[in-house]
Amino acid sequence: MTPVLASLRGLVRRFGSVTALAGANLEVFGGEVHGVLGENGAGKSTLLGVLGGVVRPEEGELEISGQPVELRGPRDAWRHGVGLVHQHFTLVPSLTVLENLSLGRDAGASGFALPQTRVRPAAERMMARTGLSVPLDELVEDLGVGDRQRVEILKALLREPPILVLDEPTAVLTPAEVDSLFDLLRELARQGRAVVLVAHKIEEVLAVADRVTVLRRGRTVLTSERGGVDPHRLVRAMVGEDAATQTAVGLGAATGGVVGEASGGLLAGEVVATLDGVRANRASGAAALVDVSLQIRRGEVVGVAGVEGNGQRELALLLTGRLSPPAGVATVPDGVGFIPQDRTVEGIVGEFDLVENMALALHDDPDAGRGMWLDWPWIRQEAEAVRSRFGVVAPDVGARAEGLSGGNQQRLVVGRELRRARDLLVAENPTRGLDVAATAFVHAEIGRITSVEGGPGVVLLSTDLDEVLALSTRLLVMTGGRLLEVPEGSRTREGIGRLMLGGLQPDV
Amino acid sequence: TGQQDAETPGTFRAALLTAGPVSDAGWYAGAYEGLLLLRDSLGALVSHQQTRTPAEFDEAFLSYASSGYDLIFAHGFEYQDAAMRAGERFPNTTFVVSGGGRFADNVVPLIFELEEGSYLAGMIAAGMSRSGVVGMVGGVAIPPVEGTFLAFEAGARTVNPDVQVLESFTGSWDDVAAAKEAAVAQLGRGADVLIHNVDAASFGVFQAVRETVAAGGTAWALGMNRDQNDVAPDVILGSAVIRIPESFLETASTWQTGTLGGRPIYAGASEDVIDFVLNPQLLDVVPAELVAEMTAVRELIRAGELTVPRVPFVEGEPGVR
Amino acid sequence: MYEHGGRTAWVVGAAALAATAVVAAVLLWVGGYDPARAAAAMWSGAFGTRGAFVSVTLVRSVPFLLTGLAVAVAFRAGVWNIGAEGQLYAGAIAAVWVGIEGAALPAWVLLPAVLIAAGLAGALWALIPALMKLRLGVGEVITTILMNFVGINFAAYLVHGPLQEPRGVFPQTEQIADAARLPALVPGSRLHVGFAVAVAMAVVLAAVLRWTRWGFRVRAVGASPRAAWAAGRIDAGAVVLATFLASGALAGLAGGVEIAGLTYALYEGLSPGWGYTAIAVALLAALNPVAVVGTAILFGALEAGAGAMQREAGIPAVWVVAVEALVILAVLATDQLMRTRVRGAQTPGDDEGNVSPEPARA
Amino acid sequence: MPETDLVLFLEAAVRLGVPLALAAMGEAITERSGIINIGLEGSIIGGALGGALGALATGNAAAGVLAGAGAGLLVAMVFALFSIGLRTDQIITGTAVTLGGLGLTGAVYQARFGATGTALTLPTLAPMSVPGLSQIPWIGSALFDQAPTAYLSYALAPLLWYYLFRTAWGLELRAVGEAPDAAQAAGVRVRWVRFWATLFGGALAGLAGAHLALAHAGTFAENMSAGRGFIAIAVVVLGRWNPLWVLVAALLFGAASALQFLLQALGLDLPYQLFLALPYLLTLAALAGWVGRSRAPAALALPWPKER
């Protein structure tokens, strides 16, 4: 006997001309992990937002534990036992991790006391239990995206909500962390709680979910037991029967196969970027990079694997000219594309429309105007081109970027940066948040640009080992601020993992 | 707006411009009372506008003159340039500028010789001071204030040639707290009789003196602009006063006879506009000889036999270009 | 409570205006004044006649317009320049100095020189907080406020001291040369060419922000310095410095235009706080330079109407100020409700402050 | 400086600093919640008039102080209803509230005391000297022979500090000012928190006004707040939004002003306008030497929720 903990029926929600939900349904039982799948912009976050009290549906009913409820805000949702981990971070950057974990926890009852004292031991227990470890006393703004994601998850887990809703929590976690998170989700389910999980990797979802629901264009098109579906059927449901055949490529990537041909390396050409004995420091003054030397040639894809926080960020900033090294020499080209780790903070300007976001990259391009003047029609054409080529779902290029779904924002950034990467592309987790088809497309694009004569070199910094393995012509591991070349024989998940772990303790 | 009344013989329209609130119980309040006096005694139709910036002055003159006002009192020297411009444009309107420095056929400076009152106040101050230090607290160092302070100091020296005179400005006419702190600082430097010219903020000076007295010290204050004796009857020895309303009335009457214009009007002690009024409640603390001495000087001033030093600022006065 | 789409917003907007009118009327009535006469005077003083509109409302709008533009361009770049007041004084000081010292020069040299000097002085006054921000990391909000007080007192010192009129009596400077004065824009009115200069500035600024690379960088830095840096390789420091100086120059120009167009001499208390009101002018225009022309005229009309309320309806200045405040609140509330309506057409109301499921963080 | 001068100077510094401290500590709390209330001046003048009327009505200065706080709170309520309730722009709303506060207090004053005004004598809040402490050489009388409102400001600084940095409520307040969306997601009632923080700031500004009227000047005059609301906002920044530093900053600013009066009374032959500029110049210098970047609450002045 499994009780229905939450039931959402006939939900409709529009944003301007976009219909995010067009009659979506979702039923979640106690004791299950429920996976939600769908293309970018299918309405997953909106649906989960309804459950979490952050989106108000225009039509439809919401029942929690059999009672019809109207949620007027996240506070209401918490009261009804729903805890939501947003796709985009909802942390207070200027507070410490512990303060973030403490925020909003029954302050009314004991507002005089500082909750941190009680939360710290609980947080430590939870970290031990989940294998998700974060520095409790650091400011969130000093953390990378991986740590931020861990904090988000811990924040929800600590409150032990009967209904836990997670929107793409795994995109920046390491494989080991994903495994232990899933173990925990299973355990929560065993305790009778309900877990709702959005992820784009079908294999991941199938590995943990008891049941899955697929959304397409705001509608629920399929709900099934895990046993009743296979990856192919799910992909067909996500993209629609007719489109399915065209997306066959996508499936490989989604199920962990190798898609992007690592062929570019054969054409490796002239050197486009050089780091020569560079150092870099963190804000705290600690060394982030120690004596790193690296050459990138046209046509090669240099994959950099490693646990986040080992200097990848600084490496990316150096290669893109965003940072000049305090020691050593960095020679970087002009035509650099940069896909940053956190699209909402560094990739796009939310209040700008798509054209203006395009202009961010193009404003100093000689083609983007004459003299001091900008040629907006031309920039608009370029934005249109990115939009259609990368399938950015938006009412038009005049729409504000903050209204796009997470995946669509990422498509915009990736499309734009590929467009300007004449000499070099530096990508941090480029497919984070992208759906199956888009991931495949991006991988194919990286393969394409590097296999063209005179194409750019690519530096791919990713926590997704499969991605790194699949795309790289040359593989490096970043550990303790140093770069290690991965020998041919070690190009396996295990081999890389060993190298990564070996350097977990920075020797500086 | 009473167009028909304006046609009635005998009625005329008078306007007042002030650069500060008429609720200051001081300089501007006196002018406003003067305006009301014109209404009540002469049946004038009256209007008042408070202006803030030089740019507004022209605009106010223009609006009043073009809507048929006959006599415009601009209560402050700051209006003079705008009044001269307006005077040229509107020959049928007469502009009276309190403390103005330039004149024309229809632009008339009305000079209040408050120095005469403040000179007498200086005598009292020096005579009453035990420490030999007296103080002056001003708002902004504009000519009328500088003039009264100059005369105060001169008057004080006639009684005690060695008197030390402190001077502070607060930069504001409203900031009571600042006026009080300026007074406290002077009291702390040994001053024991204070005069002010800070208009609405003057209470701060009185309060500082009161607190000194309450703490066991001896100190006195002097009022300025209007009879402030009852504002703090326990500490104010007397006030140098301007009878602005009466002076406005006199000016308006002159205007009605058609003889106003072409020269400045001096309104001083001899016209009974300026005076120094002792506080009846504190008469017993002021030595009789001092009162007698002061009264004698007052009579000399009234009779025109003694000229009190002032800062000359009207065209044609010695020392003014 | 805030649920409205379509026509209801107009109703709500009208209701906000009406409510404010009622509050103002009741207040005046309680104070013993005639609200109808007050309203009539306000209207006639601002718009009643062509003379009132051109010679009073538009004239009053000029300093609002230029300082409003100064604030708008700064805020666009995320530079919180609260210092237009001090920069205005700096501009006025420079203008009056050049206007007096350059008396020998012909108008076609002197007049531009006066205005350029005003702009440069405003920029110079802004340079100090700009450098403190960029070099020392001291926020500009506080430094610009402090610089205002310094500027006001500095001007006061100058008119009592080094720049005082030659006879040395009144705290004001000598009048500037005829050749340094801005001619009338509409013959026979008080409206001077400064108004046209200000409107031209608004148009230029709008074009620069919209159509030039520099303007785009300004907007990008203002919207998200981090994204401008990461995605756009924009040197935020350089943009901030340039914008700060441009803003100061516009505010300085406001001072210069006021001198050259209207007062011809520098006085203590030249500005009653235009530099502060400018913030409201700019924000009400949503920082859009062309819209600033409109909001500046609105504030000019408000001031013009306020004067007329005193003169024609016999309402004391303090009451007039209170009514002005109510009008600003009414305009603000109405404007807000209208914007909600425009957005409401796309986004049905959420009253618990519901946000997009994926809020982009600034 | 001779000893008596120094003591007098320090006493004046505290007297001038206390109203700034009260208003600025309140504003610091308001700003920590993400609301910048530049209508503070309106609350201060409201508090001064409320304090004056309350004290006159009851004959009791303490009752006047309460009335002043209430009046300041009411003014802030108008600000809060517009800027938090309707989400109108905080800066414009604050400008209007300042204007309205100055205008209405003037109107009420004139209605009550005549169009040409009256120099009011109010019951005053007399200084209370703290036995023992006030005997400390140099600073004793400056700090511990002051009006009760001064002691209130000393007490509030650590209390507010504790509240902000050591309680769950303070954590919520700070979160709301830094990242309202995040705070809301964690279940914090953003608007409620902002509302009360604004009212609290208004009440303290009202207290500052009442202090001016009842403990300092002993009277009410139109515009007697004389721009202290704006100075208080600068003091908040100087004090880095931390109540303890805000108190120190306010006292420093008070000292700079007091110095100006002392120098004038000493008869230094310099133009007085330069003295008047002194507090601002000293503050600029202090900021230039005040190393380290201080950062305003990230959501300060932004209407929330962003979209509706």
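Letters A, B, C and D mark the chains as written, and numbering starts fresh at 1 in each.
As a working rule, a contact is a pair of C-beta atoms (placed from the backbone, for glycine too) under 8 Å apart; a residue touches a chain by one contact, two chains touch by 3 or more.
In this text the structure is predicted, and so the values were computed from the model without any measurement.
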Under the touch definition above, the chains in contact with both subunit A and subunit D are C
By C-beta contact count, A-C versus B-C, the higher one is A-C
Can you compute the centre-to-centre distance for subunit B and subunit C, using the mean CA position of each chain? Integer Å is fine. 36
Intercentroid distance (Cα basis), subunit B paired with subunit A, Å: 76
Chain centres from averaged Cα atoms put subunit A and subunit C apart, in whole Å, by 44
With chain centres defined as C-alpha means, what is the inter-centre distance between subunit C and subunit D in Å? 27
Would you please write down the residue numbers of subunit C that are in contact with two or more other chains? 153, 156, 160, 316-318, 347, 350-351, 353-356, 359, 361
Note: subunit B residues in touch with at least two other chains are 21-23, 141, 171
Where subunit D touches two or more other chains at once, the residues are 106, 109-110, 115, 179, 181, 184, 222, 273, 276, 295
Treating touching as the only link between chains, describe the layout with one word: line, ring, star, complete or other. other
Interchain contacts, given as pairs of chains that touch: A-C, A-D, B-C, B-D, C-D
With touch defined as at the start, can you tell me which subunit D residues reach subunit C in the complex? 82, 86-89, 91-93, 95-107, 109-111, 115, 179, 181, 184, 190-191, 222, 230, 233-234, 237-238, 271, 273-274, 276-277, 279-281, 283-284, 287-288, 290-296, 304-308
Touching residues (chain side subunit D, partner subunit A) in the complex: 166-169, 171-172, 174-175, 178-179, 181-189, 295, 298
Name, in rising order, each residue of subunit B that touches subunit D in their complex. 21-25, 29, 32-33, 135, 141, 166-172, 174-178, 180-182, 184-186, 188-189, 191, 200-204, 207, 210, 228, 231-232
Provide the residue numbers of subunit A that touch subunit D in the complex, in ascending order. 52, 54, 73-75, 78, 84, 86, 89-95, 99-100, 102-105, 107, 110-115, 155
Please name which positions on subunit D make contact with subunit B in the complex. 4-5, 8, 12, 15-16, 19, 106, 109-110, 113-121, 212, 216-219, 221-224, 226, 257-258, 261-262, 264-267, 272-273, 276
